[in-house]
Amino acid sequence: MHDQRFVIPRQELNREDFASSVPDFNRRSEVMNTDMGYKCTVTNIVRLTRQEKLFQIRIIDPVERALFRFRPGQFLMLELPGYGEVPISISSSSTNHEFLELCIRKAGSVTTALFNAGEGARVAIRGPFGSSFPMDEMAGHNVLLIAGGLGIAPLRAPLFWINEHRNRFLDVSLLYGAKDPSQLLFTWQFNEWDMISHIGLHTIVEHGSEEWTGKTGMITDLFNDISIDPATTYAIVCGPPVMFKFVCGWLDGLGIPMNRMFVSLERRMHCGMGKCCRCMVGSTFTCIDGPVFDYWSVMNLKEAI
Amino acid sequence: MNQQGLRFEKLKIASFDFTCCEGCQLQLANRESTLADFLRLIDIRNFREISSEQHDDYDIALIEGSISRSDEVERLLAIRRQAKVLVAFGTCACFGGVNSLKNRVSGEAAVSEVYGEIKVETLPVRRISEVVKVDLSIPGCPVAKEEVERIIISLVTGSLVTLPKYPVCVECKAALNTCLFELGEICLGPITRAGCHAVCTTGKTPCLGCRGPAEEINMEAFLHLVKERGLSRSDLQEKLAFYNAFDAFTP
Amino acid sequence: MIYKIISKAEFKRFIDALVRSNSSFGPRMVDTDSRGEAVYQFQPVSSVDEIAFDYTRTASSAKHFFLPFRQELSRFHFHDDDWDQKVSYEADPVVLFGLRACDISALNILDDVLLNGHFPSAYYLAKRKNTFVIGMDHLPLPDCFCKSMNHHTVPTGFNLFCSDIGDEYYLAINSSKAFNFLREFETRDPQYDENCRLAERRKLISSSFRTEIDVTGLPAILDIEFDSPVWKKWGDKCLSCGTCAMVCPTCYCYSVEESFESDLQSSSRQKRLYSCNLVDFAAVAGGHNFRPKNGDRLKYRYYHQHRGFAENANQQICVGCNRCGKACLAGINPKDVINDLRLEKDTCTTSVSSSPARS
Amino acid sequence: MKRDYTIAIHHLTRVEGHANITITVRDGQLMEARWAVVETPRFFEVMLKGMSAERVPFLTSRICGICSISHALASIRALERAMHILPPAVAEKTRLLAMHGETLQSHALHLFFLAAPDFAGTASILPLMESHPDIVRAGLQLKELGNEISRVTTGRCTHPVSLVVGGLSKAPDKTQLAALQKMIRERKPLLETACAFFRTLAIPDFSRETEFISLANGVSYPSIGGHLVSSDGVERDENDYLLMTNEYTKEFSTSKFTRLSRETSAAGALARFNNSSAFLHPEALKAAESFGLRPVCHNPFMNNIAQLVECVHILEDAELLIDSLLDSELTAVKTPWNPQAGSATGAVEAPRGILYHHMETDSEGRVVRADCIIPTTQNNANIDLDLKAIAEWALEKGKNDREIEKLCEMVVRSYDPCISCSVH
């Protein structure tokens, strides 16, 4: 007794349904970038260490490429079709609209597959997602960047920014620690910047090697090498969770206000949009409220560090 | 096979059965709709049940069944020497399975019960990992072909092989089943690893734990709940012992 | 909103016509539990006779009609050294009959979370737009506490809502589709008498609640009680089985999995409803688990339900149906956990700032 | 041509379980032909002791990965008879349908995966996928259909979940049943393809007289329960299974042997056909006729054809069974029961022949004593003698050692032996 009069018609979605969505997200053919990534080609791969590679990727579609903008500190969801998706910080300059660089550590399923992929492979990106470092607010101040291990990856974008706008900042130093010399990333570039733009680079490794002439010890051992004026300094700290506690505690002790220290957190993520809830820290989403937080917010977040 | 600049090699696979019903091997021939594709992923080097061709240059050995005779121990050791990846395939291989129920009596008693005077060799039933190192476990009585397929694809494409860490209840609820505890029965779903699509509870029979314990189970809370609901202790014990998968947790 | 009165017999004819002409779901009895109580679920129905009009509460919510337990988000097709991605937001029209006020509230909450933020979910919207929701009021069960959550009535979020006023239903019509369908049936405008009966019915419902939870200031209490021993106490009982989240009308956390098809010619990205109680919810690569203990995870679910997160403007998202409490084998339920927390809070405030005893 | 040789086949391939064949020829004369089962015994009778009746079918189904439904149903039938439980009629029908599914699946597996390569001269089905894609597809789709029948009726194709003492734990879903019926109708023509293919194969013209044992019920083709009958005219009650089997052990084999009126006897599709062909569906009889298969046939190779004929019967019968289930109320599918002491036999026609489970329960419904006699056990002695006979027959025909080896393997496979099952 199927009666045509009572059949509910199918309703398609249309653009107006998403009037509230932010303009960052450009819809192609009625499908959102949040669901369908921009297709990219892996244009170059540089092996940095045994575990890390730098992937240069380029958005294929020129319109999408032109639309894609990000701020230092943001991340994207990188998809290797067939394998899955992982959140990765953007490590290249935010003023570079030609390609993106991602520094990726082989950590598990998707990243291992990425490691096996070669130049020319096609990946997809969704995003950019998340909060960023307040570069404009920092302008006119000293900036102290502190990175441990892979923590350098999210710091490279703000470093590019600073380098490109060097005269807007006062003293800039980078303290960078790694397990051993072979694991230091991007040192060639920082040395360059050190010489050209006077970004003070201080490196340290936990275990030296025969060729290593630099310092050995923990990142905290570098603190004596620099002088800090707490009144005019902003700090960015990135590294393994244990590092936050020591470093931020020390900066706090020096009198740097907590809302001038920034950290970048990592959690498990499946959406990047505050929907899957995997990245919750206390009652905050790492993906939309973070990954960049000022230390004051993190201090108040249970479970954060 | 080529994809995205990634080269996939066929897996050189061999399948061997020990003390068991061979039901797990048989699953390899199930899911007929994707069977042709599945067979393209693997190069069967040795699989007595379906092929007369036998070679000894396999990389992956699927071991079905538990170990209960000395000739089996030797066969298994030889396989271990050859295999790059040794897979405990099915509940008997992973935990001993129903065969372990025999261990309740001595070997001699068992033999005389079934064979009378005739001498037949039998050892206490052991799981594969008690004899050789196991690289990968695929539990299930029988194994779920869908899961096996997914794992084989992962091995071919080089993705990580994982089993669900959570218990059967998750899948059972997704099937909208009425919880068997509500029907007055003891179900091992809350402590058993998911991945079977809650096939037993969907058929309204209690989970007997063929897939073994889920990750970090709360056995104490489980025992408490069985007691709280006044359910039979001997029933609980019979269920926990059924596949020998909870021996590490049994009080 | 347009209000109409319809006789029960005529209403059944209307539902029958609707149900027969569309893919439809409604409450059906699926089992009788060991206490002799009927167990209901939303199941496919093909005629009005199959619907249990007098049902109490379905064991599982209607959430999965909008957020399936497993859903394909997109599919990749490989060819040569390239691929194409396909995303589709299609949903088939469905009639969903018999939702309770709190169930519809839950949908409104999901709308808030999934449609109003920066990243609206088109998958959800497609389902929501294509689902014809018919609500039905009912007298609360002994363990319902939706009144405490203020979700025992619902002003919006449905196509049609019917209140039982004796021999007739008082209909609230909230969509032109529903209005047009009803044109074919005998209805009339409510009179004074029927309005009174509706008011009485509401009063009756409102006064029938036997479970109450004091949720005033709960978000703040939860923030303060982050390290409370209450979490360990209940966490020790928790089986980390995820049942509570699966049956809950508002739990929406998920996981994404991707896998190749056997022919390696395509792959599928799928979303699966997950639960924050599951052991690896917050585990990251390398094995670190940000919430290693049962109590940490249980707490998180209570935070989400009773404190709310930014996506939902820090509002509570629990609607008070107590499905989770009913389904939990370990006997963990919102009422007991929250009361425990309050107690904890009370004892601690009295010890911190005990006011002088009055004489 | 070699006149002195020994054929020693260690762990015969394309059969379920482990067994060896030894043929010794001296001066062109057969000295010895032996069928030795070397499967590891599992001692199910021991495992069953003390198990609650409720759990028994879940244990017995694990005796065999191919015919788990038969094992579950044999033990259920034994327990139901021992404790005087009458399952509802709809449950009985569903069980019968489940048996059909299993038999179809098992026959298709045997015919296409295990036996066909012999006739086609390949080592496995894999080369056939290239050379005979249509046949392989037909085989796979029939096997899938068998599995699907089992899944819809019992919840899973291997190791059923909803077959329980008293009936079914859950009724099959009518929507799924209807879909299943559609699938059966669509796939029925595949059997014609299969028959056409098997008609092209050369079946050795060998026979050896033997006694065929099967179940019979006087009204339909046998499946679950009935009388025990033999082609030599023996007839016994189900509970008197021991008189039918007369199990004995042999030093060289972990599987036992049986005998009845003669030295050996046979069970299986050919036995059922020989004893009950009158009850086959006309379509099935037509198929039999097209192969010249008529009772009583003593060519063991024709067991393959009898299986094919049974497949035709099964699909016709399954369609009717589903019709009747769709017309029935599927709500009460389990009779409530109380445990009691008792003992009885449950016999069913498993794909490979008659299967007996005998169970003795105590007042709590726990198994006190169990005995399971498997079809392959009943065929062992027959296989042993067939090996001798065919080796002699082949020597007479002047076949060489390679040919003899192949014929010996083929004759064993024709029985579709299920060895791990027989050494349970």
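Just so it is clear, A, B, C and D label the chains in written order, and each chain counts residues from 1 on its own.
Quick note on the criterion: a contact is a pair of C-beta atoms (placed from the backbone, for glycine too) under 8 Å apart; a residue touches a chain by one contact, two chains touch by 3 or more.
By chain, with names taken from UniProt: B = NADH ubiquinone oxidoreductase, 20 kDa subunit; C = Hydrogenase/sulfur reductase, beta subunit; D = Nickel-dependent hydrogenase, large subunit.
Fair warning: this is a prediction, and the values are worked out from it, not measured in the lab.
Distance between Cα centroids is largest for the pairing of subunit D with A.
Core chain by CA centroid proximity to the global CA centroid: B. Of the two chain pairs examined here, A-B and A-C, the one linked by more C-beta pairs in contact is A-C.
Rounded to a whole number, the gap between the C-alpha centres of subunit A and subunit B is 42 angstrom. Averaging Cα coordinates per chain places subunit B and subunit C 37 Å apart. Separating the CA-averaged centres of subunit B and subunit D is a span of 25 Å.
Of all residues in subunit C, those that touch two or more other chains are 78, 81, 83, 259-260, 264.
Shown for subunit A are the residues that touch two or more other chains, namely 81-84, 108, 120-122. For subunit B, residues touching at least two other chains, in rising order: 3-5, 157. Remark: the chains found to touch one another pair up as A-B, A-C, B-C, B-D. By the touch criterion stated above, subunit B contacts subunit C in their complex at residues 1-5, 8, 34, 37-38, 40-41, 149-150, 153-154, 156-157, 165-167, 169-170, 173-174, 176, 178-179, 181-184, 189-191, 214-218, 220-222, 224-225, 228.
Taken together, the subunit A residues at the contact with subunit C in this complex read 1-11, 13, 17-18, 20-22, 25, 30-32, 34-37, 39, 81-85, 107-108, 111, 120-122, 124, 266-268, 270-271, 273-278, 280-285, 288-289, 302-303. Across the complex, subunit A is touched by residues 3-6, 157-160, 162 of subunit B. For subunit D in complex with subunit B, the touching residues are 11, 13-18, 40-43, 45-47, 51-52, 55, 58-59, 62-66, 68, 109, 113-114, 117, 123-126, 129, 140-141, 143-144, 147, 154-162, 164, 169-170, 249, 251, 254, 420-421. The touching residues of subunit A, when paired with subunit B in their complex, are 80-84, 108-110, 112-113, 116-122.
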